[in-house]
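What follows is a set of structures for review.
Look at the two complexes coming up: subunit A is in both, with subunit B in one and subunit C in the other.
And now, the complex of A and B:
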């Protein structure tokens, strides 16, 4: 069972990879746009830290780590999650989702692996670059344990992002016209570029529990700095699993209510 | 494509555009919700101003500024670049070219016609600003409101014309979507959308004063929140309309040369 799905994943990855090789020039243009968007994330930080040495308990170097995680996850989102799921919306609208459902494999697996954009992974490199610069700026290096914890959190963040996306796509079964939901989703994710302690009161609760942005970028950055309490780490792992489970239930429910558009 | 035809057709185009914007109101709402950047920036800057004000901005001033930015962004929006890119790629531009009115006017009409629906969003946000911060977030005099209205028109024209130029470039280079992204990045950084431009370091500020971006959002927002006296406002408005003129000439040029290269797909 597992082997069959791994093989399927390999096939899908190969197809996307070959397609990416056809458009090699995209490597340059995507790289340039990735750097440009990183600059928009950095510009406000530069202006803000021109005024103050530390904001909401974060120095410039530390906040850079959060921006680094933000950029890295954006790479994951745009390279591995967005392309497939915009495809699903298209399938739902045209009614071609029927063909996916007819195939003898799990539909959620098939639709979530149908397309990858490897060149978008440049954002991941930009993120790593930001980490190195941030730690050079801080004048110390992360501990092995901290790196390990942040690695675990990278997995939970990806899982969270993916589950959020599945939930968004499930909405597509109801409202159909959701191509701009991509933009909506990206703009909510924009709030993850600041350390979570910037938000106060209701917003802080909202971004921790409803849309867990704090878990995605602030926790891994804190883990790298070696100041994330282990309870938070456990909480993040459990929380993301619950989230994924809920997303799976919702997906199955909406698939159940799917009425083809073609016939 | 005489002027007379255009003047006669324009009201109808507006009517069609308005009906479209009402019909697709849910989509419009999602677009509006996806311009939440000012609100995210508001969270950051109010956190910064928690201990002490930044420049002339205290916490309340930042709330007022960014709510105004949010409202202004709704009113100066244009999406012509995407539309032109799409129509050039699909070849449907040829249908528009058959009509006795320049497609540029049609794109403009579509944008203008969505204005009332966008006002429906902008007005409550402004009211919220007044409730939270006080009357200083809206112009205090009739002259102030007049200047603000002129700046909104100018800001929209700059956005629309820049969109039209970038869109027309797709006639030369297959797709100008990436170019649009570069433009958007510059717009985000230089327009006062993410922070008031006056917080920029002095050297960069002179540069920004000469670029078109701050006249798209920064200037209308500043006029809305009474940041300038009348004389200074008039000086900045002159700059804004100078850019409108430059971009209008540019649009005509690029569009005209580009159309000669246009070869529609399909039949």
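And now, the complex of A and C:
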């Protein structure tokens, strides 16, 4: 079973790679866009830290780590999650989801792996570059255990992002046009460039439990710094699994109600 | 192979009158109505049969097809395809069927069709050797050699449709659901598709259900037709018997050596069309022989053929009958 799906993933990745190669110019434009976005992501940070040495307990170097995680996850989101799931919305609108549902393989797997934008890996590299710069600024290096924990958190963050997207896409079965929802989601994700402790009160609760941005960027940064309590790590792993489970249930319910588009 | 008992598919749709005021009102208070897309139909199809679904637009043909393919869940009734309940969408069931829709496509737009074939091979878990054999066969029969290497977006509609058909047959399905497979194609391409579909059915003993607006498709492929009108089954039997029932008259086409008056044609039968050199008469089946003898005796006929009325006309009449019957039942004129 697992082998079959790994094989399928390989075939889907190959098709995406081939599609990406059809449009080589995208490589340059994507690369340039990604670099430009990284600098715009840094701009507010530079402005804020120009005035004071630390914000909500985070120094400039430490906050850079959060931006690094933000950039890296943006690469994952835009390269591996967004393209496929935006495709689903299109499928639902045009009724071509019929073809996906007729295939003898898990429909959620098929729609989630149908398209990758390999050029967006540039964001991932930029994120890693920011980590190196941040630690150089801090004048120290992360511990092996810290790196391991942040690796685990990378998986939980990806799972969280993916689950949030599946939930968004499931809404497309009911409302059909979810462009607004996807924009809404992208703009909220933007808040993940700040350390979670910057937000207070209602916002802090919202970004922890409803759209868990804190788990996505602040936790891995703290793990790298070696100051994330182990309970938070366990909480993040369990939390992301709960999110994934809920997303799966909602997805299955949604395709049960799929009405297909008339021909 | 296929058994359908009391199938019903009802939709709840949001309804509102036109206009801004009504639109604003519907934001708060929504009214719904039930659309009976399919309203209690039953039939059986034997393995290897070729069956055409006929009916006007919105009759429930595609809905029935989608229920059979497992895409839509029936509101009521029992459906089985080769022992499977379609709505459960078991892998074993999905590997046996295929659905081609003339108005939708599964081919990857930016890549050559060969890539979609390869993707389907992986998804359907087709062994390499069988894949190669099937593909060679499809490429030969549908003349795809020059097409499968070109990006799909560069192919013409007809070329794309041939590749769509090939992509759907990679796993050698035993049940074929074809929803308007020749829509928009030119006459020659329609004929190619028909010949191919028929040869696949004969070769693999595959069961076939077709919906099409082109009566030629149905006449060439389907010895049996099921007529669905307003979600109800109004006829199930041979196409020939249907034509007999709706239009028992035959058409006698006369080619004439010299011009004749309408007055000379009228006693022979109902004149359907008359132009210099040719006349078409409509006569009751039993009167065909007598009419021919009288025509040969009274006119200088150079050629003569006896035909059924065009299928489009027969169907038009059948659907009009259905509408009139429903109107009468509802008590409206």
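In this text, the second predicted complex is superposed on the first by the 261 of 263 C-alpha atoms of A that agree within 3 Å, B and C clash if a C-alpha of one lies under 4 Å from a C-alpha of the other, contacts with A are read in each partner's own complex, and residues count from 1 in each chain.
By our rule, contacts are C-beta pairs under 8 Å (C-beta built on N, C-alpha and C of every residue); 3 or more make two chains touch, one makes a residue touch a chain.
Just so we're clear, the structure is a prediction, and the values are computed from it rather than from any experiment.
Once the two complexes are laid over each other on the shared chain, residue contacts for A:143 go to neither subunit B nor subunit C.
Applying the stated contact rule after C-alpha superposition, one finds that A:22 touches subunit C and leaves subunit B untouched. Contacts of A:39 after superposition on the shared chain: subunit B is touched, whereas subunit C is not.
For subunit A, the partner that touches more of its residues is B, with subunit B and subunit C as the two candidates. Once chain A of one complex is fitted onto chain A of the other, the partner contacts of A:110 are limited to subunit C, with no touch recorded for subunit B.
By the touch criterion defined above, A:99 lies against subunit C but remains apart from subunit B after alignment on the C-alpha atoms of chain A. Once the two complexes are overlaid on the shared chain, A:7 sits against subunit C while remaining clear of subunit B.
Contact with subunit C, but none with subunit B, is seen for A:256 once the two complexes are overlaid on the shared chain.
In the three-chain superposition model, subunit A touches subunit B and subunit C at no common residue. Subunit B meets subunit A in the complex at residues 26-27, 30-31, 33-37, 40-41, 43-45, 47-48, 50-51, 54, 178, 181-182, 185, 188-189, 194-195, 199-201. Listing the residues of subunit A that touch subunit C in their complex gives 4, 7-8, 11-12, 15, 18-19, 22-23, 94-96, 98-99, 101-105, 110, 256, 258-260, 262-263. Residue ranges of subunit A in contact with subunit B, taken from their complex: 29, 32-33, 36-37, 39-40, 43-44, 47-48, 50-52, 55-56, 175, 177-178, 180-181, 183-184, 186-188, 190-191, 193-194, 197-200, 203. Within the complex formed with subunit A, the residues of subunit C that make contact are 11, 62, 66, 69-73, 89, 91-92, 94-95, 97-99, 101-106, 108, 110-111, 115, 118-120, 122-125, 151, 179-180.
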